[in-house]
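Shared chain: chain A. Partners: chain B in the first complex, chain C in the second.
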Partner chain A sequence: MSWELFLDPSLLRLAVAMSVPLVLASAGELLMERSGLLNVAIEGMVTLGAAAAFLASFAAGSTGLGLLAAALSGVVVAAVFAHYAVAWRQEQVTVGLTLYVLCLGLSSLLYRVVVGVRLTPPRVETLQPVVLPVVGRLPVVGEVLFHQHALVYLSAAVVAVVHLVLFRTSLGLRLRAAGENPVAADTVGVDVFRLRRASAAAGGALVGLAGASLPFTLTGTFTEGIAGGRGWIALMLVIFGRWTPVGAAAGALLFAYVEALQFKLAMVSRAVPPQFLQMLPYAFAVTVLVRAYRGARAPEALGKPYHREARA
Partner chain B sequence: MTTEAAARGRWQVVWPYAGALAIALALLAALVAMLGGDAAQALAGLVRSSLGSGAGLGQTFNKTTPLLLGSLAVILGLRGGVFNIGVDGQIYAGAVAATGAAFLLSTGPKGAVLPVVLLAGLAGGAVWGSLPGVLRARLGVSEIFVTVMLNFVAVFLVEYLSTGPWNDPTAGEAITRAIPPQATLPYLWPRAGAHAGILLALAAAAGVWWLLFRTVFGYELRAAGDNPSAALLGGVPVRRAVGLALVASGALAGLAGAVEVSGFHYRLILGLSPGYGMMAILIAVLSRRHPVLAVPAAMGFAALLVGTDSLQRSVGLPASAVFVVQAVVLLVLLATEGVRRGAP
Partner chain C sequence: MRRLLWLLLAVLVVAGPSGAGPARPRMAMILPGVIQDADFNAVGYQALKEVQSTTGVQTGHSEQVAVADAERVAREYLGAGYSIVAFHGGQYLTIVQKLAPLFPDATFIMESSGQIPNLPGNVWNIGRKFYEGFYVLGVLGALATRSNKIGYIAGIRLPDFVASLNAVFQAVGKYNPRAEVLYTFVGDQNDPVKARQAAESQIAAGVDFIVISVNLGTVGVIEAARAARRPVLLTTFYTDKSSYAPQHFTTSLVSNFGKPYVEVVRQILAGRRSGYYEMRPGAGFGLTPPRNVPPEVSRRVQEVWRAVVLRQERIEEVTDRIVERR
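Now for the complex of A and B:
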C-alpha cells in the first residue's frame, strides 16, 4: 500500500462531496447555538430531511421539490423545538432527544405510507456533477473542488453567508448577544425570543437540506439508518470549530476525509474486516472531540431558557 | 395542605398522563385507519395482545426487562446531570461480553455459568460506560457525544462477531451460534414464555432507589446534578460522582444486554436492541427520573411495543410507529407542563 493512496484526487473529491451533509448540518446547528438554543435533535432532523427529500422526489419526480420538502421539514421540527425551548422554557436536551426519537419514527412511517412494501427499494435520481468553467480545468484542484454536484457549491456559499451574517451584520451581533447575554440584549431592545425562533427556523432549514443531500448525492435511496451519526458528528463539529462556521466546515472536511478514506481502504485492504474500518470515523470522532474540548468556550447562555421575570 | 387541595394536586399530576395516553391511542388509531385497518378492532387487539392474555403479559414482562434496566441506566445519569445516550451501545457491549463468557464456559455447571454470564454483561456495559465516564471526569468532554459514537462502534463490533468468528453458518444471517443451555436464564412463568429477567430488573430498580436516596454516593450524585458548583463548594467530588454514575449506568444497560442474550434470544444477534436505549430516555423523563416510577412507565412502553408488534402483523403498521407514539406521549406531557408555566 503506497502513501499516494491518501492523497489520491478521486479520494479527495469524494471527501469534498461527503462533507456536504456535515457542513450544512453543522452550519444550521451553529446558527441555533449562537442564539442560545442547543438542539440535539439534529440527527433525527437529518433523517427526516432525507426522508422528505426522497419521498417528494419519488412522488413528484422533482429534485427541486425534494430539496424544498427537506428544508420545510427542518423548519417545522426546529419551530416546534424553539416553541418548547423559548415559550415553555423546557429543558432543551430533553425536548431535543424526544424530537430526535419522533423524527426517526416519523421518517420510517412516512416512507412506509408513501412507498409501501416492495421487494426492491425504489431509487430517485441523484445529482450529477457540474463542472465549473475556467477553474474546473485547473489540474488536480479543478477535479477535486470544481467537478462537484450543485449542493457542494451551495454548502460553500452557505458557510460564507452564515459567517458574514453572524460577524458582519447587526442582525448577527444581536443574534450572538441573545446567545451570550439575553438579559443585556433584552435591555437594549433586542427581541431575544423572536431572534431565537428565527435562528432555529433558519438553522432547521439547513439541517433539513443536509438530510436531502444524503439520498440526492450518496445513496439514491432512503433507509432508516441513512443519517449514520452525521447529525451527532455535526453537533460535535460546532464545538470543534469553536462556534465559527469556517471552523466547523474545516472540521467537516476532515471528517468527510476519514469517511471517504474508510471506503477506499475497504476496497484496497482485504486483511482488516470491513466492520473495523467502518468504526474508524466514530472512533476518530471521539479522539478529535477530546482535543476539541480543550479551551472550548460555548455561548454563555447556550441551552439556558430566558425568563424575563426570573432573577439572574 | 388540606386533603381537598392534596387531592386536587394529585389530580393535577395525573391528568396530563391520562391525556397523553389518550392522545397516543388516538394517534395510533388514526395511523391504523390511514393504513386501511379497523381502528377500534386494532386498539382492542393491542390491549389483548399485550395485557389481556397470559402469553401477551409474558411478552410484556420480557420487554419490560431491557426497557426498565435501560431507563434505570438513564436515570442514574440524569440524577448526576449527565445524558447517557449510549444505552444501546452498552446493551450491545454487555451482550457481547455475556455471549463470549457463555461460549468460554460451555462445559461448566449451570449454577456457576449463569451468574458469570450475567456478571460479564454488567462488566461489558461498565467498560462501555467507563470511556465516556473517564473522559467526562478527567477532561470535561461531553458524555452525549462519546456515548453516541460508541453506539456505532458497538453495532459494528456485533456485526463483525455475528457474521464473522461467532457466526452460525446454518443461519445465513447476522446471528451467532446458540449459547450453551447452562448459560440460559430460567423461566419465571413458563406457560407465558416469561423469563426471570423481570426479577433482575425489579431488583435493579430497588437497588437504584437505594443507591440514590440512601447512600452517600447517591446524595453526592444528586447534589452534583442539581447544582454542580454548590456541590463542589460543599466538598462533593462532583467529577468522580458523575464519572462513576456513567460507569454504573453502563453496567445496568450491559445487564440488559446479557438478559436479552441468556433469557430471550439465546444468542447474539445484530438487531438485539430495537432502540431500547432511545425508549429508555423517554421512559426516564416520563417517570420524572424516579427509579420506582420507571417500573410502570417501562411496563407501559413494553405493552405498547408488544401491542404494536401485533399490529405490525395484522395491518402492517411499521415498527417505527411505536417511536412516534411514544415521543408524542412525552411531547404532550412536556407541553402541558410548559403551558402551566405561563408567558416567557
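Now for the complex of A and C:
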C-alpha cells in the first residue's frame, strides 16, 4: 500500500461528489441554528427531499421539477417546525424528532402510492458531469474539481452565498443576533420571529435539495434509508465547522473522503476486517466531534424558545 | 320494532357460519425489506401471492422486519391464528429454532444456504444454492473481461454470499487464471450509495466486469457503471434488471421462489410438516440469455449452465471463509 492510494484523483473526485448532500444539508441546518432553531428533523427532511425529488421527476419526467419539489418539501417541513418552535414555543428537540419520524413514514407512503409494487425498479436520469471550460483542463485539480455534476457547483455557490449573507450583510447580522441574544435584538427592532421563520424556510429548502442530490447524482432511484445517516452527520458538521458554512463544508469534504477511502482500503488490505473499515467514517466523525467540540461556542439562544413577554 | 328485531336475527342466522367445513389455513410471510425493492423481497411477495392463488391459503405479510423484531412479529401472527409462518431470509434461522418447539401446532418455513441439521419436526427448510448460480456468473466474467479484473460486490457476510464469492473465485481460476477478482462487502445489502462507492473504487482499479450480490444496492452499482468512462459489464440476481441499463447488463440469475413455496405449502396441507427443498440452477434459479458479450462466450456460458444444472460441473461450497484463488 503506497501513499499514492490516498491521493488517487478518482478517490478525490468521488469524495467531492459524495460531499454534496452533506454540504447542502449542513448549510441549511447552519442557517437555522444561527437564528436559534435546533432542527433534529434533518435526517427525515433529507429522506423526504429525496423521495419528493424522485417521485416528481419520475411522474413528470423533469429533473428541474424534482429539485423544486425537494426544496418545497423542505420548506413545508421547516415551516411546520418553525411554527411549533417559534409561535407555540414548544421544545424543539421533541418537535424535531416527531417530524423526523413523520418524514420517514411519509417518504415510504408516497413512494408506495406513486410507484407501487413492481419487479423492475423505477429510475430517473441522473445528472451528468459538466466540464467547466479552462479550469477543467488543469491537471489533476481539473479532473477532481471541475469534472463534476451541476449540484457540486451549486453546493459551492451555496457555501459562498450563505457565508456572505451571514457575515457580510445586515440581514445576516440580524439573523445571528436573533440566535445569540433575541431579547437584545428585539429591543432594537429586529423581528426575531420573522427572521427565525425565514431562516427555517431557507434552511429547509437547502436540506430538501440535499436529499434531491442522492437520487439525481448517485442512485437514480429512491430507497428507504437512502439518507444513510447523512442528516445526522450534517448536524455534527455544523458543530465541527463552528457554525460557519466554510468550516462545515470542509468537514463535509473530509467525511466524504474517509467514506470513499474505506472502499479503496477494503480492496487493497485484506488484513483489516471489512467491518472495521465500514465503521471508519463514523469513528472518524465521533473522534472529530469530540475534538471539535472543545472551545466550540454554539449560538447562545440555540434551542431556546423566545418569550417576548417574559423579558421584563 | 319487535318485527325488526326478528328480521335482524333471521339475517344473522342466514349470514352466519355456514358450517360447510374447516377454514383454510392462513400463512404469513416475514420479509427483511420492502416489497417494492424489485429484488429479493419482491420475489418473496410474489411467491406468497402465488401460494394464495394456487392453494387457496389466506396470506398476510410483514415487511422490513429486523431479526430483533422477527420473534415478536411471528408471535403476533401465531396468536392471530396463522398456522404457517414463513421467514423469507437466511438471517432468521435462530428465530425459527426458538419458536418451532414452542408452537408445535404451527408449521414454519425457513430459508438457508443448505440443509440445516436437527430442525424441529414442524419446520420446512428451503436451501438456496446461490453459489452454483454465481459460479456461472463467474465463468461469464472470466470469459468476458478484457482488463482481467472482475469485481464482486456484496452487502453482508452471510454464508450464501461468502459461498458465492468463493464460487466466483473457482470459476475465474478455472476459466481465466490470469484474471483477478476484487471483492467488497459494503455492509448493507440495500444501500445504493455505498454500493456505488464500492463500484466506483473497483472501476477505478481497472475492473470491467462486476458480479453484483447486493439487493437495492444494485442501482448504485448500475449508476457507477453508467458514469464510468469505459465499458463496464454487470450481472445481477433475483430479478432481471437489464432494462435498467441494457448496454451494461450481461445476464441475470433470476429466482422463482414461487415454485418451492407452492410445493412446500402443498406438502404441509397434505400433512407433511417438515422436509427439505433445495433451490438451485434448474430448480428455482434460471439464467437469462447472456447479452453484450461475444456469441462464443454466450454459448460457452450456457454450456456451463447446463452442466451445473445436471451437476456435471464440480463446485466447492465454502461458506465460512473466503478462499482467494489465483
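By our rule, the second predicted complex is superposed on the first by the 299 of 312 C-alpha atoms of A that agree within 3 Å, B and C clash if a C-alpha of one lies under 4 Å from a C-alpha of the other, contacts with A are read in each partner's own complex, and residues count from 1 in each chain.
Everything below uses one rule, namely that contacts are C-beta pairs under 8 Å (C-beta built on N, C-alpha and C of every residue); 3 or more make two chains touch, one makes a residue touch a chain.
Note that this is a predicted model, so its numbers are computed, not measured.
Superposition model on chain A: chain B and chain C are shown in a clashing arrangement. By the document's definition of touching, of the two partners only chain C reaches A:Leu214; chain B does not. In the superposition on chain A, contact of A:Trp243 is made with neither chain B nor chain C. Between chain B and chain C, more residues of chain A are touched by B.
In the superposition on chain A, A:Phe193 makes contact with chain B only, while chain C stays out of contact range.
Look at A:Leu14: by the touch rule set out above, it reaches chain C but stays clear of chain B.
When the shared chain is aligned, chain B and chain C each come close enough to touch A:Glu224. By the touch criterion stated above, A:Phe263 is placed in contact with chain C alone, chain B being left untouched. Within the superposed three-chain model, A:Phe255 lies out of touch with both chain B and chain C [touch as defined at top]. With both structures placed on the common chain, the touch criterion links A:Val117 to chain B and to chain C. With both structures placed on the common chain, the touch criterion links A:Leu99 to chain B but leaves chain C unconnected. Shared contact residues of chain A, touching chain B in one structure and chain C in the other: 108, 112, 117, 224, 228, 275, 278. Per the touch definition, chain C reaches chain A in the complex via residues 34-39, 42-43, 45-46, 64, 157, 182-187, 190-194, 196-198, 200-202, 204-205, 216, 218-220, 222-223, 226-227, 239, 241, 243-244, 324.
The touching residues of chain B, when paired with chain A in their complex, are 31, 34-35, 83, 85, 131, 135, 139-142, 144-146, 148-150, 152-153, 156-157, 159-160, 163-164, 275, 278-279, 281-282, 285, 316, 318-328, 330-331, 334-335, 337-339, 341, 343-344. On the chain A side of its complex with chain C, the touching residues are 8, 10-11, 14, 18, 108, 111-112, 115-121, 123, 126, 129, 214, 218-221, 223-226, 228, 259-260, 263-264, 266-267, 270, 274-275, 278. If you check the complex, the residues on chain A that touch chain B are 40, 43, 84, 86-90, 93-95, 97-102, 104-109, 112-113, 117, 193, 224, 228-229, 232, 235-236, 239, 273, 275-276, 278-279, 282-283, 285-286, 289-290, 293-294, 305-308.
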